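After this come two complexes, each holding chain A, first together with chain B and then together with chain C.
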Partner chain A sequence: MKKNIKAFTLAEVLVAIVIGVISVAAAFSAYNYYTKSYESVSQKANVNSAARDALILITKDLRNAGFIGTTFLTASCENITNMRDAKIELASVSSKRSGPYGQADNLMLWYTTSPQDRKQVSYTLQRKQNSSEYYLARDVKINPEGQRRGGCQGYNSAFNHPVNNELLVSHVEDFQVIFKDKDGKILAPACSMSCGPEETKLGNNNIVATSYGNMTRGQANQENIHSADIYLTVRSPKEVYNSNRSFRIVNGEAGYGSNISVSADKYYRETFFASVHTRNLSIPQVPTTNTAGSIGEGQGYNK
Partner chain B sequence: MKKLNSSEKGFALPVALMLLVVMTLMGAALVTTTSSDMGSNNERDNSSQAFYAAESGISMAKEWLALQPSYVPGSNPDNQLRFCKTSLFPSIRPGQARAIRNQGGQNHIYRNNLSALISASGQEATRLSNFSFEYFVTQTPDRNGYTSSPQKKPGTNNIYYTIYSCGCDASIANCRSQNNNIIALEAVVTIR
Partner chain C sequence: MVNKNQKGITVIEALVCMVIIGIGFVAMMQLSAYSIGAMDRSIEKNKMNFLSEMVLEDMIGDPYNASSYANVSMGCTYSSSQATSLPTRKIDKWKKVFSEDDFIKFNSGSGFKNKKPECASGDLKKTSVVSSSGRTQAKINMSTGQGKRKKFLGVILK
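Showing the complex of A and B:
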């Protein structure tokens, strides 16, 4: 009896080892699973919050686009002879498109922020240095016309260019903006000066008679923009999936938006969408008898 | 025997405890990430709803303006305003807002919950009752921020008025500028 309880038998030891290995393996795989899912959840959360914050900023800028305060000093450095011609611009012509797949839009818009100041905001995809990654950049210039004029007193790149293509969202694969009129019809091109090839191909149809006189189609379109659809496709910074997955990014209406097929990889991608009423651009036809008209609604300013 | 037994105990228990602790921590981290993400999404949702509340204020103000026989500037409305304080609007010089009066000769300030404007029932009505707006109207301030003298649309005799409207993600009774999202909007109008 005493001899029996002195040690374990070989079988007992083997069984103990097997059970031990199995439980350690189970624990390890559970740990592994937790780390993986934590990693992927945090990657998705990062993508989400970065893109949503950016959309809030873009939305705000788009709502302000085209606003010219009633007290704006036209005799200031921003002496714009035709203030109507610089409200919003969407460079979606093929020669100006950017981004990793060459299909992203460049958005540019203007609004006044004080009697002396007019802001020019632009959103573009910029390539990171020594990398193939693109980021959504926001650029702000105060009174850019002064710069164009050169001799404008007091122009100073430190003051007039407070935001120089700063990173807003990293790992952006596509950025699309689609302008629509009040009936939901797509407006393209839209630009302040000349839209380039997009207009050239219109030939004689490019000249439009407006209340200001003849304008190019792109210039005339600016004032009819009622809403802007924004699409932003962001990729996770790190790999998330275990196996390769292929993606196709289709943002916006065919012919105006993008259609990108991405070669298979393990990254997580998400597209964020917002539709903004550009409240300072469009001139909806509102009944005039019992409503007060606001700027941008019926009888706007400076007309 | 006693020695052997105790060494076996000492191996399994700490490992099990450690794993338990690690897993609990990771689980907690996951929950925190998700819930903070959800929280910030909610926050954004509320602030965009507050924006629309402010827009409702602008529409209400336009409706009101269109019905007035005359537009007389009153006094600084700051003390009567709940949350749409004039300091939210940089175009007004502090203390220089002159709110347009109503027909009773008082500064016209209007505030309401969204639920009073939009008919809804159940959950939606509860949600709408937690958003409110407040507005006042002045003559459009000049470039120094004074609102006492009228600014006219170039080439016409039409006076510019500015509607100042704020949306809040709480009911008018509960909205506090320290705790709530307040979205301030302004719109310039002329009366036809």
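Showing the complex of A and C:
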């Protein structure tokens, strides 16, 4: 055999292959690890930005809730008496709750947007088709009361229902809204028409005298809402953790909020919170013309 | 017989070369680990920004009691207090929310734990209210990174 051939020996080639494989494996596992952690962080970031955007929108609507412009035309298709009754509604009664764990609230509110038009906005949890997932939906109707009574000119459902349960945040597990009065005490129930079982429990105490006449407790409470606490619990669309973990979601005060136990899985969950001062529900006492600088300068709020 | 005159690189040279490349590789990995960590931390900081908006919103809702909201410090832990008025109820809520007490708990096998927000000793969230010549201003000061990074959010209440 000729000994002078220039080449690697078998042993050299094997050592080279082993070293090569080890370094490729190291690079691959490191790449894998970083892709995974990048994936989990971006899931968190997506959940955060979606939920925050939704809370900003809800906050904006709650600040407007109950606003009836001074220029609003009484002769428009919306009836001013009905408007006074319907400012905000929170379906927080057990029979009206929704969501994957049946504890989420439904929020509905009204405000005028022009001398003729009044907007109805509702936030509910809706189930996706062929799925067990729920999403936070926003629904907007223009002049709903006038339409219901057939009093609006030029009725056009496409125009008057511009946003039909549009997806705001996906994979929502809980949505809670808790109203508080000017002393920070919880106000429940709050509804425009009838709250149902929650009011029935009150019996004779259900009818309250207000400056607009006798009202049900739920309707009267609408006038006293000074602030709202909003809780939104969202789950990541994909699995994030390596091992199973179970969750307990506690949103809001006991008896009014939710208390949910989630069985063990690998998803990331986060509760987002916002607090809103509802500017147009509990109206500051109108100051006398002699002392008033502006309409917002009342010293107290209606009880 | 090994020909000593072959032109090539020795194993030692090759290994030294690999070690040098490996160091560069590790540095790259640390860079990406750091950037992922930075993303995670920015999510947490973003949360603090939104929570400080909550504090200001509550003060805007009660401008005539502004002085009751002055100099409130929110730390990393929460212990409930007996709240009887609007300011004390709000302050109790801030402390609770900033420490994320009770919101969401997880159990990865050793009992339920609170999800703690990023909060190091030396971190500070403190309100301040200044009234002068008929104008009341409210501010929330935040310092994170053990007091190294400072910022504030402020609003004119009335």
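Definition applied: the second predicted complex is superposed on the first by the 258 of 303 C-alpha atoms of A that agree within 3 Å, B and C clash if a C-alpha of one lies under 4 Å from a C-alpha of the other, contacts with A are read in each partner's own complex, and residues count from 1 in each chain.
Keep in mind that, in the parts below, a residue touches a chain if its C-beta (ideal position, glycine included) is under 8 Å from a C-beta of that chain, and two chains touch if they have at least 3 such contacts.
Because the structure is predicted, anything quoted here is derived from the model rather than measured.
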item: Partner chain(s) touched by A:Glu270 [first = chain B, second = chain C, both, neither]; value: second
item: Partner chain in contact with A:Arg245 - chain B first, chain C second, else both or neither; value: second
item: Contacts of A:Thr70 with chain B and chain C, given as first, second, both or neither; value: first
item: Residue contacts on chain A - larger count, chain B or chain C; value: C
item: Touching partner for A:Pro115 - first (chain B), second (chain C), both, neither; value: first
item: Which of chain B and chain C A:Val15 touches, first, second, both or neither; value: second
item: First (chain B), second (chain C), both or neither touched by A:Phe159; value: neither
item: Residues of chain A at both interfaces, chain B in one complex, chain C in the other; value: 6, 27, 30, 34, 37-38, 41-42, 45, 48, 52, 299
item: Residue numbers on chain A that touch chain C, as the complex places them; value: 3-4, 6, 12, 15, 19, 23, 27, 30, 34, 37-38, 41-42, 44-45, 48, 52, 55, 180, 182-185, 226-227, 229, 231, 233, 241, 243-251, 264, 269-277, 297, 299
item: In the complex with chain A, residue positions of chain B that touch it; value: 1, 4, 15, 19, 22-23, 26-27, 29-30, 33-34, 36-37, 40-41, 44, 58, 62-63, 65-67, 90-91, 140-143, 151, 153-154, 160-161, 163, 187-192
item: Interface residues, chain A side, partner chain B - complex; value: 5-8, 24, 27, 30-31, 34-35, 37-38, 41-42, 45, 48-49, 52, 56, 69-71, 73, 114-115, 288, 290-295, 299, 301-302
item: Chain A partner contacts - residues on chain C that touch it in the complex; value: 1, 3, 6, 11, 18, 22, 25, 29, 32-33, 36, 39-40, 43, 46-47, 50-51, 53-54, 57-58, 60-61, 64, 83, 85-86, 89-90, 93, 97, 102-109, 112, 115, 158
